[in-house]
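Labels A, B, C, D, E and F are assigned to the chains in the order they are written; within every chain, residues are numbered from 1.
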Amino acid sequence: MNITTIVHITGFALILIGFWGMLTQKNMIKIILGLAIVETGVQLVMVAFGFIDGRTAPILDSAVELSKASSLIVDPVPQALVLTAIVIGVAVNALMLTFVIRLYQQKKSLSINDYKDLKW
Amino acid sequence: MELQQGIFILMGLAMIIAAVLAMHVKDLISSIIAVGVVSLFASILYLLMQAPDVAMTEAAIGAGLSTLIFLYALHKTKDVEEEND
Amino acid sequence: MDRIIKVIFSTGILTLFYFIWTGTTDLYNILIIAFIALVISIIYNRSLFKPMLSPKKWIYSIWYVIFLFIEIIKANFDVARRVVSPKIPINPGIVTVKTKLKSAMGRMILANSITLTPGTLTVDIDEDILYIHWIDVTNIDEKTATEKIVANFEKYLEVIFG
Amino acid sequence: MIKRLIPLLLVISLFFILLKVATNVAPNYDLTGVAKTYAEQGASDLGAMNLVTAIVVTYRGLDTLGEVTVLFMAGTGIALLLRRKKKKNDSGIKNRAASEILKTGSKLLVPIITMFGAYIFINGHLSPGGGFQGGAAIASAVMLMFLADSSFKINHKVFVLIESFSGIFYVLIGVLGLVILGADNFLDNRILPLGTFGTILSAGTIPLIYTLVGLKVGTELASILDNMKGELE
Amino acid sequence: MEWYRILGSIITLIGSIFLFLGALGVFRMPDLYNRMQAGTKATTLGTILTLLGIGICHYEWIGQILVIIMFIALTNPISSHALARAAHFKGIPLTKGSVADKLKEKESTEVEVD
Amino acid sequence: MANLPEILLQISTYFVSAGIILATLRLIIGPSMADRVVALDTFTVISISLITLIACMSERVIFLDVGMVYAILSFIGVVAVARYLEGGL
């Protein structure tokens, strides 16, 4: 079993666990925690797409020979994308938690079952 | 590279266990800590996958600040969440 | 005036840290970093500490670090002995000790040293009384505990932060 | 029972979709397409040792601008939703003060942590890290001050000023690329000369841009934390 | 044969054994405070030795290693002190057979301040 | 004999991994949340050693930066949880 597969399996398991938690939990903060787990899983899978076994990090200091760089380093593009995704992820989490705080101030409850006013 | 694979499998299993724990435990603060642990393990996995930039971002933003933001939100909505540990 | 000395000292310390961290010899690098260290020191000028300037204090600090390291190693063999023995031999309790140190910095270093040395952990601090969790309580009297736990460190710390 | 069944079905279907992905992906053995170009030309083109930084700041610079904007909008939304109402502390519980050791320790550690944050974003092109991580480190230094002293308040005017000015200068540097180097050079880093490869001044405007991004992200995250901390008048 | 590499790796090995013992202590000890004792002391020395050993193996890294060691030696006791204080305030009891608890008497009379 | 250092470092890695497993077990079974935080504290400190070992095995000095960030953020995280527990956040 190679490393990419291991990380893929881990990431997919995290996605499934987080998804299951998001669908079944009643507490709103816990739903957001589920989403955070899903994010982590997706990011792991994305980084694993760029991983090449036996190569080193894409930082060309003295440990990497400059002329042969493209045959020594792993793929930097997924890493750059994931870097963006993590920062956006935390901003989204913070915004959602703010909504939860506002909702809590209205009804003094964290259970999602208490917010069914909009059911039509 | 048996050792490297072993660390990968260990980290992966620990992450999955911590994620299940986060969704399973009843009190919210343990849940938040467990999600922080998932992020910290993920950070080590990124490092093993030769992505130090991502590892640093995950450790700083995903595990650190995200946990703090969750703690603050929990603090602001604390009245209902009684201690049931 | 006092504050200016503090800012300059802190700039120097921060630049030194950067130098140790990167090991750079590039002059531009050092200049840029010295500027940034100056800005940071000015931002935090209210909370900086007084610099230790006398050489005697430096010598005592070095001795203290060596002494502390030996104590930490002793502490670890103590912990190792307790952890691996099948019936964990402990006799814990929280006791109080009194310190003579006045400066905040000295108290912090004292509390950290107590945490790192055999069988003791600082739980709380209230002015000059330290509440210590002791893994093997021999005597709950304050005087004896003070003698046993903090006296060794205070010898050095009183000189350093005197 | 039905409430459990539907999520279960959804999760199972997602499992089969992901299984398909997992079985079809083969590990790759070489860089392809655009990554190969970046790896071969990134260092000599832009003078950045860290290729991820080169991609984030220059090749995909517009994405970063958008990312910073998203962060800014999230911060503004949080500030708007949690804006302070001048009301009394409704719970009636006062915060417990931190211990003296933590206060002293945080005074000692905060400058060091801030310095390390500055190191991370200034050396973004030489070592891992960059504006976002450095900003997070600075925000966590502010956070440590909050933790050690619960009555500590940040100066909102200064923070807003730093944030807006770093945003403006970031865009200005981008536009400067258009002016000096001609069209389709928005956010190009070569408007400053590239120095010797491997030194701090080697990558044109990348350290400058990352400093601005770091200040902006740091102040934004600190403001988010401050808003979430809320009022205790 | 590079003797310094062997020396460094032996120091690292000793440090990692201490780390393991610290984790074992966290796992085995009966109550929170005793766990913290084992956790703080053994992991601090273990980390110091592990890092120092690697710093000896790769002597050109020693500057960064020293900074990390200093940071850990400073922050680890502070964080465990903060945690012990919080746990005691929250009322987590000492294990059975504890001799004395002088802090409890103080906390029961303490007024909450800010 | 030539690769004695590598073998010793590998054994160290096994010990560190075993430590991480034990800390994780305490995280799972820990009866109260304070126990879980102790486990988190231990686990992060051990992880810093693991990061340094990874840096040593990959021969890249840059990984130490990650270790420092990890140390800073884990310290602040533990202090934040402690302050939350004693109601001083």
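Definition applied: a contact is a pair of C-beta atoms (placed from the backbone, for glycine too) under 8 Å apart; a residue touches a chain by one contact, two chains touch by 3 or more.
Because the structure is predicted, anything quoted here is derived from the model rather than measured.
J.: Which chain pair racks up the highest number of C-beta contacts?
T.: Ranked by contacting C-beta pairs, first place goes to E-F.
J.: For chain A and chain B, what's the span in angstrom between their mean Cα positions?
T.: 11
J.: Express in whole angstrom the distance between the two chain centres, defined as the mean CA positions of chain A and chain E.
T.: Computed from C-alpha means, the inter-chain centre distance equals 31 Å.
J.: When the centre of a chain is set as the mean of its C-alpha atoms, what distance in Å lies between chain B and chain E?
T.: 21
J.: Of all residues in chain C, which are in touch with two or more distinct other chains?
T.: 17, 21-22, 108, 111-112, 122, 124
J.: What positions in chain D touch 2 or more of the other chains?
T.: Residues 50, 52, 93, 95-99, 101-102, 105, 108, 112, 120, 127-129, 132-133, 136-137, 140, 143, 150, 224, 228-229 of chain D touch two or more partner chains.
J.: What residues in chain A touch two or more of the other chains?
T.: If we look for residues of chain A contacting two or more partner chains, we find 3, 9, 20, 50-51, 53, 56-59, 61, 73, 79-80, 83, 87, 94, 97-98, 101.
J.: Which pairs of chains touch each other in this structure?
T.: A-B, A-D, A-F, B-D, B-F, C-D, C-E, D-E, D-F, E-F
J.: Spell out the part of chain D that touches chain A in their complex, as residue ranges.
T.: 4, 6-7, 10-11, 14-15, 18-19, 21-22, 25, 27-31, 34-36, 38-40, 43, 49-52, 55-56, 60, 63-64, 67, 70-71, 74-75, 77-78, 81-82, 126-128, 132, 198, 217, 224, 228
J.: Sort out for me which residues of chain F touch chain D in the complex.
T.: Within the complex, chain F touches chain D at residues 62-63, 65-66, 68-69, 72-73, 76, 79-80, 83, 86-89.
J.: Show which residues of chain D lie in contact with chain B when the two form their complex.
T.: Touch list, chain D to chain B: 50, 52-53, 91, 120, 128-130, 132-133, 136-137, 139-140, 143, 221, 224-225, 228-230.
J.: In the complex, go through chain B and note every residue touching chain D.
T.: Touching chain D: residues 52-53, 55-57, 60-61, 64-65, 68-69, 72-73, 76, 79 of chain B.
J.: Please output the residues of chain A touching chain D within their complex, sorted ascending.
T.: On the chain A side, the touching residues are 2-5, 8-9, 12, 15-16, 19-20, 23-24, 49-53, 57-61, 66, 69-71, 73, 75-77, 79-80, 83-84, 87-88, 91-92, 94-95, 97-99, 101-102.
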